[in-house]
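You will see two complexes here that share subunit A, one where it goes with subunit B and one where it goes with subunit C.
Up next is the complex of A and B:
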């Protein structure tokens, strides 16, 4: 039997990225995936005959350019198709469109507010600068600020020096982004409700927070992070769906010699004398390796696979209080014809971009109010894309697939999730969207509704949180997932984490997987 | 020494005025509104010593919190930890056991905050600040990083199960803030109001600080309203009063809100347009209705907090998000004999009225003779902190990073009001005066 240096639990995009980097460095790596295909939440599936969907995550926005470059993902089949626009239909029949073409965008913004059109560029410049400032932090393994170990002190000093090197003005701007609500932050810049609503929507994705909740401004930066890397635009599709991202990373890992086994559920991580020694598979087989890396979220990893008896109390307390609270759902539609939006009924370039149901900050905040008390938003926020417009292979000729990201659908629903509640969510989404695109209902051939409970059941993300834990300030950087254990290590020797539950977390970014590999290899990224 | 004019006779203005006078300045205080009889907040012994406030009277009701229970009786939190534990035990044995541990855990954070509050705000990347935080030790340091940005609801949910206990504590964290207990950063405010109190007491003290200083010789008081601050060549020259009198001054210290000081009293042309815009954007929304109550007979309680659960407080906040007064606000009343003061939140500024207040309070406070809305001319939009005390307007950001050092871009013009760090009556004036003297 082949001996491995490293076993990775979970073949999500982070586990695969971690595997690829370790294999590239010459380690013998085995990836174990519970499901029949890799990718975790980044996967494509032919849900209905002829119709392919990115069932869960559906756009590529934050995938780190160094990963694309170092793992040569384009050579392994990754092809990104840029999303060129965001259309926000309004309740009065008008719309707000944001285009990637600067002049076109400015004209459109000025149609609603000259002031906003003027402020937009300055806003963009500031956020670009901020994004550039925090970008190096995405590659850092967060040190333990309370430690006296020389290496931790050294890294802290480097971190301090980095911040001290920043202009005061930028530091303060960064602090504001970290502590303000998206609504307050945008109020300082813009007056147009549709613009503020659509921009603030990016701050609430994946969290159970509304646009008026402090801490939501920070995520506005994410939209400016991708754009500036120059590799491709902030938002795009992977040709063939988001499963192609995982497939490309898996191919890169295999090319470097990693083995990947699917339908190999891990039921337990073996610990002996505070050291990880291997894993037990669902069928009872044991696999041994000196290093075990978990791509599963912290709750599943420690409370599920490792077991509480092996862990110190304080660490356990931190893992138990780590918050998930999934709030997002997906509705995937197979369509017989394109939707005709009342504001722009003819097919056009706007259907090749995103459509955002976010007419105002108040609309989003009310959607949050429902979820705050355990109900599905009566009028939810939706982010809609039609992948078949960019990649016709996703649907049969003349037909289309539509992906609808929905918020809020709280995991902790009053009365719990059931088939009836799932259908109720689907109906709410379709009814709300049909107000803007009246032909939608008659165009639907098939409908798939994915609730947070489904995400948990199918993908294994606790409480259906798409980021493996909320990206709030108290769960970020030094503190993700637990204080003193933010460096991908764990209290068990030889056991590491590489999922989004570690810094920097969230989105199809791959940074956690890469950082974990670097930490294990002892390299400074 | 030069002539100094202090605009405003609140605790901050008077503290600054007397510190400057002791350092040899001839100080005139423009009393543009009556000095409040009671000031809220910590008066550190350092300040009391420097100003020789031997006759300072500090007060905190005991029990400092009394929250009636649905089935009769009340939750009472006392200065005496054992009595609090006894009272909590009637609600939950688990919470009773945790209360002393919670209080102990918050204590080192309070101590750090108290030290920060005795000084001008630290720089965000100040090494001394970083070292001071490190010296707290691992637990307190991790608590600090984790708790400051947390929603208070989350912090309290981690520790306690009793709705009444959690809700009553949460009211301190959202007091005068347009946020609910589920909003991030509200846990910081629980610690803010904890400053200066003994372990286990989260209600700020009140004192006669301002009234005491007002009656003290050493500065000239002048009842008038400032109309304009004269500036020549980028430096202050005088304060012009309504009515036309002009007081020459090479030093002007303003307790008035930054917006009023910098964009109304000063000719706006003196300010960099970016800064002027930022000053106008300082958030200062008032969210509470403050009522003075006159009672038929002395109240049998010293405090009364009406907030049944975190969800109730959160729902009350939902209303104000859309510009409405809460249908079911949370209420905090402090009584002193036949007089009482009620804090009713949330009610956006402009929505406060005595009749509404009387209706809301009537059920809980029998025998109200008269209800009057307390308004304060120094509170723009009804916000007593002059700048909302949220994390993005606290410490090095208060009220704006450019103004956090109390000085303004206009030579000789300083800010000392509650909009400044640390947003505690008297301490803003204290740090401001010390910075002025240090700069001379």
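Up next is the complex of A and C:
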């Protein structure tokens, strides 16, 4: 039987990226994936004949450019098609569009507010600088300010020097972004409700927080870090759906010699004398390796696969406290025709970008109010894309697929999730969207509704949290997932983590997988 | 969609080249004919008519209008007489230029400001507590620029009163109420004519009709670009990065570094950027914005070496070109071209102050048959072209 240096639990995009980097460095790597295909939540599936859905995650923006480069992902099939615009239909029949063309965008913003049109560029420039300021943090294992370990002190010194080099006004802006709510932060810049609503939506994705909750300004910045080909804030759609991202990383890993086994669920991580020694598969087979890396989230990894008896109390307490609180759902539609939005009924370039149901901050905050007390938002926030507009192969000729990201659909729903509640969510989403695009209902050929409970059941993300744990400041950087254990290591020797539950967190970013590999290889990122 | 100007119906019909470019979100002609050559020569030999409507224009009115503008721009607006026009940059609090344009005093309490970028928010934010009304009249005011030695005669034939350099006055041309300013972007005798956008086509037709005996021709941005380089006039986004768009500090420029010291009135008690500019004045600017002339013989030699006759750019270029002095990089040129009227190869350049004195020998990078070479050049005084008729 083949002997492996490394076993990776979970074939999500981070597990695959970690495998690719380790295999590239000459390690013998085995990836074990529970499901019949790799990708985790970055997965495409023909759910309805002829219609391919990015069932869970659906856009690419945060995927680290160095991963695309170093793993040669375009050679392994990755083609990212740019999303060009964001359309926010309004309840009064008007709309706010944000276009990629600067002149077109300025003109459209000025139609709503001359001041906002002017502030927009300055705001973009500031967030660009902030994203650049944060970027060095994404590539390194986060040092703990309280640590005295020489390696961490060295990293801290480097970061400290870096931040001292920042202009004072940038440092002030960064502090605000780290502490304020998205709504308050945007109030400092803009007056238009639709613009503030749409921008603040980036601040709430994947959290059970509202746009007026402190800390959400940072999540806004996190989403601004989308960077493709050196262009900040470029959002794209992977040809073939987000499964293509995973497939390309998997192909890169295999090209470097990694083995990938699907339908190979891991039931247990073997620990002997505080050392990981291998895994037990669902069928009872044991596989041994000196290094085990878990791509599963911290709760599943430690409370599920490792077992509490092997872990120190303080660490256990931190993992138990680590917040998931999934709050988002997906509705995927197969459409017989394009939606006709009341504000822009004819097919046009606005359908090649995102459509955001976020008419105001208040709309989002009300959506959050429902979720705060355990209910589905009566009027949810939605981020919609029509992948078949960019990649016609996603649907039969002339037909379309629509991907709807929905928030809030709290994991901890009053009365719990059931088939009836799932359909209720689907109805709420379709009803709400049909207020803006009346032909929607008659255009639907097939509907797939994915609740946080479904995400947990199918992909294994605890509480259906798309980021493997909320991206809130108390569990970011050197606190992710637990104080003193943020550098991909764990209290068990030879056991590492590489999922989004580690720094720098979620989105189809791949940084956790790469950083973990680098930490294991002892190389500086 | 891009915006069109109030003159589009006329300019589109004339634009045989179909060469359009963008200016502040508007479509404007690069050249009307198939090449811009005649349009350029008309500026220097007859009269060229430019559609300059895409300029951002603000009407600033009220008891504190002069106070606000005096606070925002570097020149002294309070001292401006009614009917006077000031060219001026304006700065952020760090004394770095965010835009440049003109401020015209239409009456005691009414001004019109032109700008390359939108500035409504900036003006409003600086107007806190002041009795002033700021109106964006960019779309409602149409503007034409009539430039060239015959420009004055054409306006005179339409009954416009005589105007001194950088003065503005109301007038009625062919029954159309306008304001005429003796301003422009060519360094020649020239005027700009401002009117309600609804009168735009009538004004265009009247000027073309009156100008025909004087050789008037509509001209596009390619011709204008060469003329403004000859005039030594800088262009935002080309010759300097406005402070609002700078990604790093080294992209910022102060008025002193742009050869605009003459526009900075440090005797004013308060204006945005004053403290920083005072400090910079004391230590001296690190950079200067200068004219550079490329020496023909040196240029010719580079081409002769590869068996070619000297090649000259057919239109003005706008890119960053390294300039060397004493064996190191002394700076960079940002626009340049062959001046047909001067028969000289000229450029506008940023140089570190120690190399900025007129007469300083330089070398400028030039690509000859795919290879980078250096041609001899020297610092010269701006403007390159400065005919007495401009001010007389």
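Operating definition for what follows: the second predicted complex is superposed on the first by the 516 of 525 C-alpha atoms of A that agree within 3 Å, B and C clash if a C-alpha of one lies under 4 Å from a C-alpha of the other, contacts with A are read in each partner's own complex, and residues count from 1 in each chain.
Basically, contacts are C-beta pairs under 8 Å (C-beta built on N, C-alpha and C of every residue); 3 or more make two chains touch, one makes a residue touch a chain.
From a predicted model like this one, the values you see are computed outputs, not experimental measurements.
After superposition onto subunit A, the modelled positions of subunit B and subunit C are compatible, with room for both. Once the two complexes are laid over each other on the shared chain, residue contacts for A:104 go to subunit C alone; subunit B is not touched. When both complexes are overlaid on chain A, the residue A:393 reaches neither subunit B nor subunit C. Counting the residues of subunit A touched by each of subunit B and subunit C gives the higher count for B. Of the two partner chains, subunit B is the only one that A:478 touches; subunit C does not reach it.
In the superposed pair of complexes, A:167 makes contact with subunit C only, with no contact to subunit B.
Within the superposed three-chain model, A:128 lies in touch with subunit C and out of touch with subunit B [touch as defined at top]. Residue contacts after overlaying the shared chain place A:149 against neither subunit B nor subunit C. The superposition of the two structures on chain A yields an angle of 80 degrees at the Cα centre of subunit A, opening toward subunit B and subunit C, reported in steps of 10.
Of all Cα pairs linking subunit B with subunit C in the superposition, the shortest spans 5 Å. Residues of subunit A that touch subunit C in their complex: 103-104, 106-107, 110, 114-115, 117-119, 121-122, 125, 128-129, 167. Against subunit B, in their complex, subunit A makes its touches with residues 145-146, 160, 163-164, 166, 168-169, 171-172, 175-176, 178-181, 184, 188, 209, 212-215, 321, 323, 362, 365, 369, 372-373, 472-474, 478-479, 483-484.
Here subunit B touches subunit A in the complex through residues 124-125, 127, 130, 134, 137-138, 141-142, 145-147, 149-150, 154, 158, 179, 182-185, 281, 283, 311, 314-315, 318, 321-322, 390-392, 396-397, 401, going by the rule given at the top.
Of all residues in subunit C, those touching subunit A in their complex are 1-3, 22, 24-25, 118-122, 124, 136, 244-245, 247, 249.
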